[in-house]
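First chain A sits with chain B, and in the next complex the same chain sits with chain C.
Showing the complex of A and B:
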């Protein structure tokens, strides 16, 4: 056999060459831009809000007004405010109902679309439309669709012999009208994430289950949903946080009315902070809500994080 | 290395070019005007170009929706960003901004340029209410929304309807002179499918009145108008809240129990635009207190409903309503005070105001409002002028409210819709809603407000009560 001449690489030279940067430091360098953004747009406003919440701040009191330190007075005000608790309870109700419907509808539609053989891409793209639309513009359109005297929905109801509804003016109906709007806009989000999760599931366990003769229901219960659960939990948490921050549909349709039946906590904070310009009270209330959301999200994600770390250990 | 050097050269070139451009453009002053979005601003954009051609001062117009205009402007003037040179305000906002020192007093400018400003030509009621604070003028009004009432003159003058009304209520059907009469008329004209209206059988509901009962500031405008007529006010003479006093409660009760039941269901979520839509599509017989500047929209009913006629009238309280206008002032954060004043003076001046009126705008200049040759030939744009003058003249003599003389008026204005909507929608009883409103007012004013009404006189008790004179109306040519 002919001996092949290969160029010799002097490994001792590479080993001796000084490292410019360790792997750890290089990793930190890569995430630094994101950390800077997070710091300036996340942490600085948070600390500023904490500072405001401990002072008396009326933004329209004039340039000479001082922001006196008042300790926990603003938190006491919030915790003694019936309006704050009512808005919070209303927001919790809205989130539970709206997100539940979105999850059921979104998951069902994802399964349906996953079974399709044709036009899957087009249908997926169509479902993107509500998500891609500007919330304020869409809200204005729904405002007119819902109008009790001129709206399309009531015209449709009357055309099929049903009584029209006062969608935004009836205190028993208005919040559900907002829920319908929210479901229309955000079910596609649940659908698309669930569909992506479904399409990324490994095929082997399902092939094995088919060979074993498992029923569809058993496959769903023992395989599909357990494998999908991290995705579903994440979607549920994200949608719940978003639902708690609901603002655009309220601002463009009911402005919190009739009365206060659609006044969510974010809209109430907007009223306190940007109409009354009591940034101190609004900051205190916002921090209380932030705490509740963090506890909720932490609880929900705890199981998910445990699952992920177990999986990583196993791998 | 070569690539880095080339990139450096390109960047340097870009910096040099940009610097030259900005140096050139910085010689021209641009004045930024924050104002209300709508057809009034479309007009203003056209006129702003004329101003730039005359003076070389560029004008940039920032349009804002009314519901969010207050906070956007406050954030700028409080933050001292200088983003807006000229700001626009609603009646209720002026006292807060003037008191806090966020806007310039204009007296020296007005004195210096008196010949151009012609301050006496501005409707006195409008200047007092929306420009004056503690003896100084802070703004000039440029567009008035003073309320009156629109009604279907053809319905009111139909012989069958008149006879039926007299049989039911015992007096002649006419423009209401009191709010009780307004309630009677609203009830009378509420018809269901199968009922007749002017001898025609109806196939859908027809309503007696349109109201702005949604959770917008407009509900406050409506109810305050009724309250002032009945002797009520948001702030009493001693600075305490007046919304749980009998006159105010009576006003809210009349609105909720005697007017609202005869309004379309959409009233509970609608504002002025929906009421005008209800009127000009023939769904209602009349409006409640409605901004007279909406006349060009209201009169469209004459095209939409054959044989109909839109009537305009003063309200039962006449001038006891919002002698209201959007006014312009100069933000203290501006870096272009003189240029801002030049534009402000021009856009509120006679020439620009006349062009505004030609386009259908409600001017604040009495010489134009009183110009018969102007409005007689433009009924669809300016047909409301004679009634507007009638109301403004009464307002100057007979309207006074403590409310606009306290610095917290803006906060109360923004807080009011929540409570009035609660009463209107039935989610709270009237008493509970007004008790909640009082609590909110007390938090805002700290229990008692200081009223700065120096130079303002309350109307004499001996003044004759307002009676609308129908001869001032500009009727449709038959």
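Showing the complex of A and C:
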């Protein structure tokens, strides 16, 4: 009698509850609030941007102006616009150079730090500082460091007998100055994640390689990098996506100048859309860029994130 | 096996790392010292390393530029959006982790929204909120240009995908056996979530919340385009000292220090979780 009634009641209870709603339906219920937020506030603006891009919109024309439907004119304009292509090419150049330097520096540093004997933890922590600081705020500080007259970097150049540079004012130098800033801020990102990857590598294959007498170079090429590659590719993709939409330090240092040499695509779209108030053209261009980034990101990330989370589940 | 002897290579490695660390930390060191330098020393060439510290720039930043107002704005926006993100996000990511809702496709769709270039969203928002600001509902909900509600909406959208992914990784770490046991004890699914899962996931949720606060605090693009005075946030406020008559480096450094310092503390607090956060939960450092 007594050993039966406890489980009996509970099982029927659960069965009864399960009839109200299946697990699948319950999951959908839990996801709904988040989806509502994302749909209303994420997809509505997107559709609105499509709407804008198909009309003639000039905010300077006054509130009474009608936004006439012009079909694909704005897209035609965008694809024939030299400045748009110049800004895209500039952004691609910036992203490729900057992210490559970050990857090389970050990975090398990670190897160095991984083999350190003392203060590993403190050093790792200190590398967080650039990452945590707001790019817009430290960007302004870098403007001071780069200042042609009383900046520290010029003082340092002169101290070692080199010519001072007009870091942000010289059209041959300015984009590279921005790259240096970006490298300063984001190399720690590559470093920290690579370091975490290195530290979680399995021990056994390395011990086996050591027993076989494999050279350091061979171990790196055959073991370390292949095992590390999923993490490295993920870092590369995340960094590339971010580099391609660089805005904050541009807005607080050069504002796209001198001329347009530091005008990245985001800053260019800001200027067209919200300075010249041609939201229609800017939206069309933004949608083209959005398409490129989403295709790239969706394609790459999907594979990577799945790989990583599968791995985590079995660990 | 490694020998215990300290070799020349060890020393060399250490020196290289320390040299790079000094270069890395220098801009932040310079920002902090500039914020307490007297104005005449700030503009000296060559730059001076020794001086009598002063706090006049902090005073100036808070009295002239209304920095306290920017900080409170930023806090309201950051806390408000983080609250919505955590409530909606924890429910959703739990559903993804336990019930595999959407079979993975939905989660990827959510991640893609995070990868959108912000500029593509901010332009339609500019028009939408300009209109919303003139309606009664918009005014009641503080939605409109230069309103705090607008920024809360923007930051919620951008942090929600991140939070869902990061919390997902934490929910995955909780063994399902515990939940099954609680179910056998007669708890409903929702009660299991509240009484069993949430307490176990609390550290992960806290980590996610701090990340969201950090991102909102540091955000610049939305804030600079959608606000002017009323809802101006701290990162935009730092630019106040870039005036018509030139840049006031002292107050600017003070403002930048006020903006950067708390987030550095947060990051140090998050140290253990930083890698997981930065990779949306994919790499568990």
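As a working rule, the second predicted complex is superposed on the first by the 252 of 315 C-alpha atoms of A that agree within 3 Å, B and C clash if a C-alpha of one lies under 4 Å from a C-alpha of the other, contacts with A are read in each partner's own complex, and residues count from 1 in each chain.
Quick note on the criterion: a contact is a pair of C-beta atoms (placed from the backbone, for glycine too) under 8 Å apart; a residue touches a chain by one contact, two chains touch by 3 or more.
The model shown is predicted, which means the values in this text are computed figures rather than measured ones.
S.K.: Quick check on the superposed pair: does A:201 touch chain B, chain C, both, or neither? Answer first, second, both or neither.
M.R.: Touch status of A:201: no partner.
S.K.: Which partner, chain B or chain C, touches the larger number of chain A residues?
M.R.: Comparing touch counts on chain A for chain B and chain C gives C.
S.K.: Using the superposition on chain A described above, determine whether A:274 touches chain B (first), chain C (second), both, or neither.
M.R.: In the superposition, A:274 touches chain B and chain C alike.
S.K.: Can A:127 be said to touch chain B (first), chain C (second), both, or neither?
M.R.: The second partner, chain C, only.
S.K.: First (chain B), second (chain C), both or neither: which does A:193 touch?
M.R.: After superposition on chain A, A:193 lies in contact with chain C alone.
S.K.: Is A:260 in contact with chain B, with chain C, with both, or with neither (first, second, both, neither)?
M.R.: So A:260 only meets chain B here.
S.K.: Who does A:92 touch here: chain B (first), chain C (second), both, or neither?
M.R.: A:92 sits against neither chain B nor chain C.
S.K.: Could you tell me if A:150 is touching chain B, chain C, both of them or neither one (first, second, both, neither)?
M.R.: Once the two structures are laid over each other on A, A:150 reaches both partners.
S.K.: Touching chain B in one complex and chain C in the other: list those residues of chain A.
M.R.: Shared contact residues on chain A: 59, 149-150, 251, 274.
S.K.: Given the complex with chain C, which residues does chain A contribute to the contact?
M.R.: 10, 13-14, 17, 23-24, 26-31, 33-35, 37-38, 41-42, 44-46, 48-49, 52, 59, 109, 112-113, 115-118, 123-138, 140-145, 149-150, 152, 155, 158-159, 184, 187-189, 192-193, 195-197, 199-200, 231, 234-235, 238, 241, 244-245, 247-248, 251-252, 265-266, 269-270, 273-274, 279, 282-283, 286-287, 289-290, 293-294, 297-298, 301-302, 304-306, 308-309, 312-313, 315
S.K.: Going by the contact rule set out above, which residues of chain C touch chain A in the complex?
M.R.: Checking each residue of chain C against chain A gives 6, 10, 13-14, 16-17, 20-21, 24-28, 30-31, 34, 42-47, 84, 87-89, 91-92, 94-96, 98-102, 104, 106, 108, 110-113, 115-121, 123-128, 153-154, 156-157, 160-161, 164-165, 169, 172, 183-186, 188-189, 214, 217-218, 220-221, 224-225, 234-236, 238-239, 242, 247, 249, 252-253, 255-256, 259-260, 263-264, 266-268, 271, 274-275, 278-285.
S.K.: Using the touch definition from the top, list the residues of chain B that touch chain A in their complex.
M.R.: On the chain B side, the touching residues are 67, 70-71, 74-75, 78, 80, 96, 99-102, 214-216, 264-270, 274, 277-278, 281, 283, 410-411, 414-415, 417-418, 421-422, 424-428, 444.
S.K.: Within their complex, state which residues of chain A touch chain B.
M.R.: 59-63, 146-150, 164, 166-171, 174, 251, 253-261, 263, 271, 274-277
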